[in-house]
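Note sheet for the following structure.
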Amino acid sequence: MVDQLVIGDRSLQSRLFIGTGKYSADTLIPEIIKKSGSEVITVALRRIDFNSPTGNVMDHIPSGMQLLPNTSGARNAQEAIRIARLAKAAGCGNWIKIEVISDNKYLLPDGYETIKVTEVLAGEGFVVLPYISPDLMVAKQLVEVGAAAVMPLGAPIGSNRGLKTKELLKILIEEIALPVIVDAGIGKPSDACEAMEMGAAACLLNTAIASANQPELMAEAFGMAVAAGRKAYLAGLGRSEKYASSSSPLTGFLHSSIAEETI
Amino acid sequence: MVDQLVIGDRSLQSRLFIGTGKYSADTLIPEIIKKSGSEVITVALRRIDFNSPTGNVMDHIPSGMQLLPNTSGARNAQEAIRIARLAKAAGCGNWIKIEVISDNKYLLPDGYETIKVTEVLAGEGFVVLPYISPDLMVAKQLVEVGAAAVMPLGAPIGSNRGLKTKELLKILIEEIALPVIVDAGIGKPSDACEAMEMGAAACLLNTAIASANQPELMAEAFGMAVAAGRKAYLAGLGRSEKYASSSSPLTGFLHSSIAEETI
Amino acid sequence: MVDQLVIGDRSLQSRLFIGTGKYSADTLIPEIIKKSGSEVITVALRRIDFNSPTGNVMDHIPSGMQLLPNTSGARNAQEAIRIARLAKAAGCGNWIKIEVISDNKYLLPDGYETIKVTEVLAGEGFVVLPYISPDLMVAKQLVEVGAAAVMPLGAPIGSNRGLKTKELLKILIEEIALPVIVDAGIGKPSDACEAMEMGAAACLLNTAIASANQPELMAEAFGMAVAAGRKAYLAGLGRSEKYASSSSPLTGFLHSSIAEETI
Amino acid sequence: MVDQLVIGDRSLQSRLFIGTGKYSADTLIPEIIKKSGSEVITVALRRIDFNSPTGNVMDHIPSGMQLLPNTSGARNAQEAIRIARLAKAAGCGNWIKIEVISDNKYLLPDGYETIKVTEVLAGEGFVVLPYISPDLMVAKQLVEVGAAAVMPLGAPIGSNRGLKTKELLKILIEEIALPVIVDAGIGKPSDACEAMEMGAAACLLNTAIASANQPELMAEAFGMAVAAGRKAYLAGLGRSEKYASSSSPLTGFLHSSIAEETI
Amino acid sequence: MEVVLNGTVANVDQEMNLWEFLLSKELNLETIIVELNEVIVKKQEWKTIILQDKDRLEVLKFVGGG
Amino acid sequence: MEVVLNGTVANVDQEMNLWEFLLSKELNLETIIVELNEVIVKKQEWKTIILQDKDRLEVLKFVGGG
Amino acid sequence: MEVVLNGTVANVDQEMNLWEFLLSKELNLETIIVELNEVIVKKQEWKTIILQDKDRLEVLKFVGGG
Amino acid sequence: MEVVLNGTVANVDQEMNLWEFLLSKELNLETIIVELNEVIVKKQEWKTIILQDKDRLEVLKFVGGG
């Protein structure tokens, strides 16, 4: 039986979600997608700047990818809802990543506004994936109001700092019935691998790939690391022990059997 | 150009070395090898027990694998040298993993005896891979006496505790011209992935796979995690930052442009 | 000039707040207070059990201590407000520790109920110290509604797990203008010392002392560790460096001056 | 009964050993000693520079302090022995800190040269305190050749990086019958406190105090933190738990007793 | 008549004031807090309040907590 | 007449419908999203809507984001 | 006569060569390693070596190890 | 004649003992350690030792160290 992640009406083979921001050129994106194996990709909605017209990121995203527009820029529930509806109207489908942020230094999300947005949009038939702090009570309320998953942060957005909130992430994974997707802060494939070993349903990242010297190669590394972590979770990690235990037999040594008692 | 690890006269595609100990049945080994993609495998030498004859692990190791017999059981240089010569005489080839251990609780290696063994066996044409504590001066002397690599521990053998000696491993990787292979203690694929990201040349492990609920699946996970970590090292990890940096543009929001200054 | 922590109308010399729960006998409490040097102590309000009457913890708390009743048992804002008013009516003074918890496994607080309680009680003239998750946006709203301090958790209540939320605690300390008091999870004096080094205003703990083999001695250890951490914060920690830097001069060695260049 | 550390023929109340290097002026040293409460202090031996004569650090060390000259600058056993004998001849008493270092980047010690020095000097009646890597086998041999204590590093000298070798330090403390003194790398009072909680006999540090903005205040902080950590070790730390356990009673709530079952 | 005391029914045979009732429960009146029908009752009022049928009483005290 | 386009005032000299206006801005009409007075306008409606003085237009597109 | 086999004494009733002795132990001769008096003995020599009283034999094989 | 003082050559014009030589260097004699040809020389011997050509002198003191 194949291990799949089901979100909304979609079954996903890959548990790596990627972003499209911060690349030196959008033309890199198709290769990043291919190497990462990702099936879900985030985009943002912005005003056209008539003074410096640029291309549209959509031109570089192969059809078949699940688009995940975000509400970045929204500082409250109302703005987030407006952006979500625009994205849907633009034919991006009904998935939406909720970001409600008024803290401009650490870009930490506003849980209460996020709950309000989620309730409204879930009611309108959106598949809602909210970006949150790893707060159990916020996550529990998001379950109640119809979120499709919860996406707690490992560290501040774009910081590449890793799983700094491990203790709280583990609690969410244990207590929340929805998929827990670690979003933000993952900096190394080993971070993503560890999140999956802990039982995360998926990882969403952008900066860790975009800030690498060779983004395509890093995308491949993350794709493999996420898959490896998932397999490890399914395989069941061995217990960690205080003392050593020999990998080789402790009997049948060449030297005198007296020694063996001492072992 | 393909990324290969060259040790002795051998070029290796896989940077995962595995052990053959602690399996419920040796018959699992062929599948473990296949799933892990490993090309180097350790074995131990022991007296035959005429009261309970058992099979020979060699019957389960496909030809083409690089055998890496260990000197487990040796408590000093002399015993290790004797075991190494027996292994070579048995047609195992000229690779040898040096283990000289007299501490039976944490199975920590004796650096000085290990240097002596390495000097003698390197002189006899062995490809010597010594298991050591992450001690820079011991590693430097092993370079001088002809080791083919150094294999510092991440944590005690079989403990699954992970990269507890990270600080010292990084120093060895930075200062030692030989391949640094992290041996012992690795418990999770994310540990192995991180070791490779740090610049380790390879990882050697046994218990982490053998103690999993599904060893074959865990073997596959480790194979992927080691490859992912290596790719991440080659791709060049992005810097980690104190503050957040948005993955989405910080201009062109729908809301009034006054807000933008505040960002 | 003396370093003092001012909360409400009170100036405190000691930055260690302690609890009165989990002791084998309430008669231990006076000695615990004395050894810890603490000036603030928490108590809980409960129904009298007429079937097994027991003493009153108040009989063991010296006058002069600042009482900090908690709202433990409250599952929502309304229950917390009721308990707070009862505590005040009982002559406990106007300090109150807000605990609103409906999660019975990890005892994690409900941020938005806590904000509601804080607003009401601050309006009634209480000095409100809310127990919260280390969530920046919740902390910011608590500032707005009149909290006297914020008390984020280091780890779940009574777990002795330490500063597992360090990353988020540092952000609160940096961004919140109120005293940040680390409450819950501290298990070792070194945890409390580190919290103070990070710039926490104080530490509140109970289980770490009550669960020690010798609680009085542990109380003394915590008192000293908190004071040490505060002094270190004021003294300004030295930078940590990647490479070594000799504590002894690198010139004037006995051996030939040629060697000196190499150093 | 008073808790004392006995080394050689000396009983020490303070378990903090300090260095005299890196201060802006030697005149600071008396106050540093006083504030830290330390009774053991390290010094180095160097050639007089006739071109820039400077004072002698001895003029600033109160009598009654236990002097601990180090062999800094020694690159091998022979040089260390020569320096040790000179220090003794200079009337510094018979304590000596062995440093044999040929690695000039991380200043990591040479274990086997250190063993040789220790054997010779212990035979001459020195009280030998060797600075070592946290290597169990090296420590065991130092016990055999007559060391008075072992002084493993927490991180490279002067790096302020903390207890990066915690895993190995714990093993030494558990397995070695001599006092284990954590030397090098300690950067914060919380590091020193934790080392003592782990069962270290003492801590030796220099840079962490000398590199502080206010060295005298930092000296006081370290003195308190080391004492606190020792008391915590003697008091017996409480166990850390996966789940929360309430500090307040879980019965007798005001709300209906139905609720209590759920708790 | 019946009152609800700390969530359980208690019988009161004759008319008595709150102070007499609490005294009958052998409590240290110094250290308790009393709530009658969700309203806090100050000590000085205890003797002036006559218990009524169906009164809901909460009698509380402080215990160790964190 | 004047309209507010993406937060800044723009002049419209002659009467034109939304489609003509957008065309005049040299945009790739395939990939833009248009909001008129806070109401989303579908592509098929662009030609039927005549711009009015003081109309508030938001013309948006998708960009890279995380 | 007696030989020491893997650390324990074994009796050898009649003269036999190493190959015959090993065969008598029902071993898979393909996969074993033999040391006689601390000297490794190659397979091709087994038939030419006659066991002597007090010979010390180590008969080894490979097992799983890490 | 010449002596090597702390690794560098120094001239000594006239015959003098170790104490006189050190004095000429304006040192605080209380706090120094002297090694002559790799042998430690005690203070009380300084006046009795006459410097010879090619003597190797190390004059040391204690400095701050960790």
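Letters are used for the chains, namely A, B, C, D, E, F, G and H, taken in the order the chains are written, and counting of residues starts over at 1 for each.
By definition in this document, contacts are C-beta pairs under 8 Å (C-beta built on N, C-alpha and C of every residue); 3 or more make two chains touch, one makes a residue touch a chain.
These numbers come from a predicted model, not from an experiment.
Asks: Among the remaining chains, which ones contact both subunit D and subunit G?
Replies: For subunit D paired with subunit G, the chains in contact with each are B, in label order.
Asks: Take the average of all CA coordinates in subunit F, do the same for subunit H, and state the distance between these two points in whole angstrom.
Replies: Centres of subunit F and subunit H (C-alpha means) sit 93 Å apart.
Asks: I'd like to verify one number: the distance from the centre of subunit C to the centre of subunit D, where each centre is the average of its C-alpha atoms, in whole angstrom.
Replies: 29
Asks: Measure off the straight-line distance from the CA centroid of subunit C to the CA centroid of subunit G, and report it in whole Å.
Replies: About 72 Å separates the centre of subunit C from that of subunit G.
Asks: CA centre of subunit A versus CA centre of subunit D: separation in Å?
Replies: Computed from C-alpha means, the inter-chain centre distance equals 44 Å.
Asks: I need the residues of subunit H touching at least two other chains; which ones are they?
Replies: Residues 7, 58, 60, 63-66 of subunit H each touch two or more of the other chains.
Asks: Could you check subunit B for residues that touch two or more other chains and list them?
Replies: Subunit B, residues with two or more chain partners: 19, 21-22, 42, 44-49, 70, 72, 82, 105-106, 108, 156-158, 161, 206-207, 246-249, 252, 254.
Asks: Which chain pairs here would you call touching?
Replies: Chain pairs that touch: A-B, A-C, A-F, A-G, B-D, B-F, B-G, C-D, C-E, C-H, D-E, D-H.
Asks: Across the complex, what residues on subunit B touch subunit F?
Replies: 246-249, 252, 254, 256-257
Asks: Which residues, counting only subunit C, touch subunit A once they are in their complex?
Replies: Going through subunit C, the ones touching subunit A are 102-103, 105-106, 108-112, 133, 135-138, 140, 155-156, 161, 164-168, 171, 175.
Asks: Considering only the defined contacts, which subunit A positions touch subunit F in the complex?
Replies: Residues 19-23, 26, 29, 42-50, 53-54, 56-59, 69-70, 72, 82, 85-87, 89-90, 92, 157-158, 204-207 of subunit A touch subunit F in their complex.
Asks: Can you list the residues on subunit C that touch subunit D in the complex?
Replies: 19, 21-22, 42, 44-49, 70, 72-73, 75, 79, 82-83, 104-108, 156-162, 187-191, 193-194, 197, 206-208, 210-215, 217-218, 220-225, 227-229, 231-232, 234-249, 251-255, 259, 262-263
Asks: Under the touch definition given earlier, write down the residues of subunit F that touch subunit B in their complex.
Replies: Touching subunit B from subunit F are residues 7, 58, 60, 63-66.
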